[in-house]
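I have placed the structure first, in the form of structure tokens, so that the comments after it can refer back to it.
Naming follows writing order (A, B, C and D), and every chain is counted from residue 1.
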């Protein structure tokens, strides 16, 4: 078991003929992910990745032809909103958006569009997900992970890799690693994923990686306190970030005294979550 | 028992200081409906209907102050869309819109807005509803009806009165009379109401009054065939209407051979519904 | 309200849809001048608000300006399905390689507009929908999120449009949607949208129906209304905010509520009579409106009896009675009147009418039968 | 990106919000001329992109033009929280009867903008929210349906605004929302929105923050960017599409990914060091970007050691290694370098760096500790 993706997940890559799209689609295929189709308007009929993956003009045609049930978005930021609608209307169950730099207003509209539609969005500005040994949808390097019992949910891509790496050093594998992205408005939040980990029999313990900005970590803490039976270890990045300065992620900013690392750490600790001082401490805290 | 409204329904009237709004709010109060508030922006603080009903500037304030759970809209057509949003956001459970002449595009947006919100819209361009002896919300003349076992659902206001009148002559009372309105895009359709009548213990038999245009009657027929255990008698207005001419209701038009009375009657009969040739035949067909 | 072909196409053009560079003529001489300016072969197209112009001989091809003048003189003044032709559109003739259908209308059941596209354009699209439904591609347009780029690509891909035309098609589809949205249309269609000999897309015919309820937002479009679209009496009715449609029978009907008005026509028919009109005086009609309605009905010389059926809800029976009495002062009522008043303030209404010269009825069937009898006796 | 008060207010005015008729001066003489034109008492307001101008002495009241000139000469050239004052706004002084707060910002949790209004304007609204939350009224704005009229009335009613001002307030709230929406703002606020002695509403201060990710849609607003807003090095970083923020420490950090960059700063701090900067080279950075990043970090003379921490995902370790080698040709790297490469193409990356003069590390803790030690030894 795992959450969100497994070996049966059939992925269509929107923007597969772009440099990043093609590189990572190839990496995914090499990892064993079922990359069944690509979409680039105007390039339908082409074949990529050693002539194994057909390219379509529309997600609709791609889904009809290949039965894709998951879409991975690599298109430039200005086309992301439309790409999300297109994937949703084509009937995939999961949309993973890697693209960073999407305007907040676009995402607010997209989120409103998806509300009550039978589809989940992960991202944007996220590394995607990895179910070690089964499937990777996104850009998490596959070779650094292995199957196991730890579920990871994170706002940050590269920090997730660090944590996976640290777990590996400690001999711990992962059930599924989920990057929810660091943007202020994201399709999936901590609580959505925590709920899935709580229900997933393979996952025994969970690592939550947050960062300054917003109050998603505080809400997650409340959820954990009220609903989680599995142990959770946390890490919050940005303890040394100065207020008022945006730390790369559109969401990572301490504004008006809100969203500080100290507040988040306190909230998590109050919910019984052990909080690591740096990523490599995490395996030890998992016990 | 009844559906949608009963003696506990607390009504706020949007547009209560207009001529029609005040006339019908007064009629409703006289009938025994709990008219608890009115709303007219800029006239908050006034009292109407013999100084018994307070007027507020916003529905929000009216609901906060009076606990209204149903809104009745009498505002001019160009303000209807906003009035619907205002009522929905103020937390009422039922919105009844009497106003006619609302642009279709406004209603399509409003319908999209209400989707998945915990509120039902009836209308626009409808006569509202009447639960004889308990409450009337809208413009159905109360004195022509009496409590009983027949549920009525209708696209047409005055035809509904005719049918109530005919039932009365035959000694049959009504559980609830619901006018869904004759516009192409309406908040509540036949099926919604049929479902409620099927579940309502007081209602033993149902009268469905349709008219030319659209295919709501055909859809209702399918629903009845598949789901209704209670007998339904139908009437379709517009058998003599020439195609291509809009018969008053924005929705009552036979276009491109679609929406004819003959098709609707055939569909209802195929679903086991007895269809009356004129309204006064209905009591006889109810058996 | 319907717009003419030339009006529709000009609106489309405003939103970036390519149309032939034609002009409208009201005389054969004007037609010739336009044809000369265009040069070469032209089409002379009658501008009437009714379908089937072509079959009725209202659309003709002219090889030169002289022929255009001659054809215009034939077509101008024609009567097509009861409507006089007062204008012809002179368009350059196109070399048609393919005919596409592209239209937007409201899908009632879905509660949103739908864009419809087919490679089988140029013919009756409803016929195609019945005989060959796979040839019709549809994309619903969310009323708030609008038509999205991928939806247009879905249609282009769905009808196998050559990829070289996708960009142009995208602009046309977006332009059509903008027109539909900004005019509060209930129908906007291009049929056919052709691929011409140069491989370009061109909207050679166009149609827009507008939502009458939204016309208040569009005084510029309201001004385009063709006075010939409706009968004189229908125009007068509209000025009084009455829904009136003239029919061929001899029993004038004045009813409140569209459903009851239709039901009244139906029952008149059921009892062997023939309704002269549909007339809904609407909700809450006051005396002036009632008087105007009576005047309009009686202006139809075919009317041999008048049936007034009022079931008071928002309309008050006393207001209607007052209106009848007012109208009787203004209009010479020379046919028998059957009056039925039930509902809100019915007693007040009946009291007002007491002593006037009219036949009264209690049930609808009774009223209809009395009206049918009165008309037959006239 | 932040806009100055005068820029924000001019944008508001474009959407119908009434603002004082002031002008911007860059010299005391200009300030005098403007004050003379306005006549009477004026406010001289420093235009800097930082809060607390008033307390810092950057906002002063002048009784006449001469005093305005004198105050402008004091304020121009001041340094407020590290930012030089290069412009002053000269506004006519208002007679303030009431101060209202009106603003729009994004509510992340709700996923939509929220309009916030309070009768307790003129002060720090976040303070009011904490101490007196009932004084703050909120209306969420649906991202597709927009701000509706009744929501504005809810706010006006909620703060007990005198009814005579509702219409004016409605226009201002709608204008503020239009500004927010059309500029892709993340914050648009009027504080205070005053009721003046004549009982009129007036936006005497204004603030707009824009969404940097949406700036591509607004070249006109991008052109308003104040070059003083950021450090030189931050500007250069932006030109190379790098997220860079200069800090006070001595360990330069080059990291990929914002979270890891923050995490790296944190761990440097945890092991007793002090980070000189935040720098995220972003996803998929190629050699040029890496070289630019190194140059920028090393241009800070405080930097005593360089810590490069790359965990390859979308970024490829070999690209980073190539970038480091390129940069070492262009930049004189005169501080010890600690490099850690893990993830996508890590072996290729490490192979490329083999033989170069740098300290390598495997774990993050090891890398941080080595960097701290190197900086301490420098």
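Everything below uses one rule, namely that a residue touches a chain if its C-beta (ideal position, glycine included) is under 8 Å from a C-beta of that chain, and two chains touch if they have at least 3 such contacts.
No experiment lies behind these values; they were computed from the predicted model shown.
Enquirer: Please give the intersection of the contact partners of subunit A with those of subunit B.
Expert: Both-contact set = C, D.
Enquirer: Looking only at C-beta pairs that count as contacts, which pair of chains has more of them, A-D or B-D?
Expert: Counting C-beta pairs in contact for A-D and B-D gives the edge to A-D.
Enquirer: Compute the centre of every chain as the mean of its C-alpha atoms, then state which one is farthest from the centre of subunit A.
Expert: C
Enquirer: Indicate the whole-number Å distance between the mean C-alpha point of subunit B and the mean C-alpha point of subunit C.
Expert: Centre separation, subunit B to subunit C: 27 Å.
Enquirer: From the C-alpha centre of subunit C to that of subunit D, how far is it in Å?
Expert: One centre to the other, that is 57 Å.
Enquirer: So how far apart, in whole Å, are subunit B and subunit D when each is placed at the average of its C-alpha atoms?
Expert: Roughly 54 Å, centre to centre.
Enquirer: Can you list the residues of subunit D that touch 2 or more other chains?
Expert: Counting only residues that touch two or more other chains, subunit D contributes 142, 144-145.
Enquirer: Return the residues of subunit B touching two or more other chains; collapse runs of consecutive numbers into ranges.
Expert: 109
Enquirer: Quick check of your reading of the touch definition: is the inter-chain graph here a line, ring, star, complete or other?
Expert: complete
Enquirer: Using the touch rule from the top, collect the residues of subunit C that touch subunit D in their complex.
Expert: 144-145
Enquirer: Quick check on the complex: what are the subunit B residues that touch subunit D?
Expert: 41-42, 44, 57-61, 82-83, 85-86, 89, 109, 113
Enquirer: Flag every residue of subunit C that touches subunit B in the complex, lowest number first.
Expert: Subunit C reaches subunit B through residues 106, 108-109, 111-113, 126, 142-144, 181, 184, 186, 211-214, 216-217, 243, 245, 247, 255-263, 265-270, 275, 278, 280, 282-284, 311-314, 342-344, 363-365, 368.
Enquirer: Report the residues of subunit B in contact with subunit C in the complex, numbered from low to high.
Expert: The contact residues of subunit B facing subunit C are 19-20, 24, 27, 77-78, 98, 100-109, 111-112, 127, 139-141, 144, 154-162, 165-166, 169, 182, 184-185, 209, 211-212, 214-216, 219, 235, 237-242, 245-252, 256-258, 277-280.
Enquirer: In the complex formed with subunit B, which residues of subunit A make contact?
Expert: Of all residues in subunit A, those touching subunit B are 115-116.
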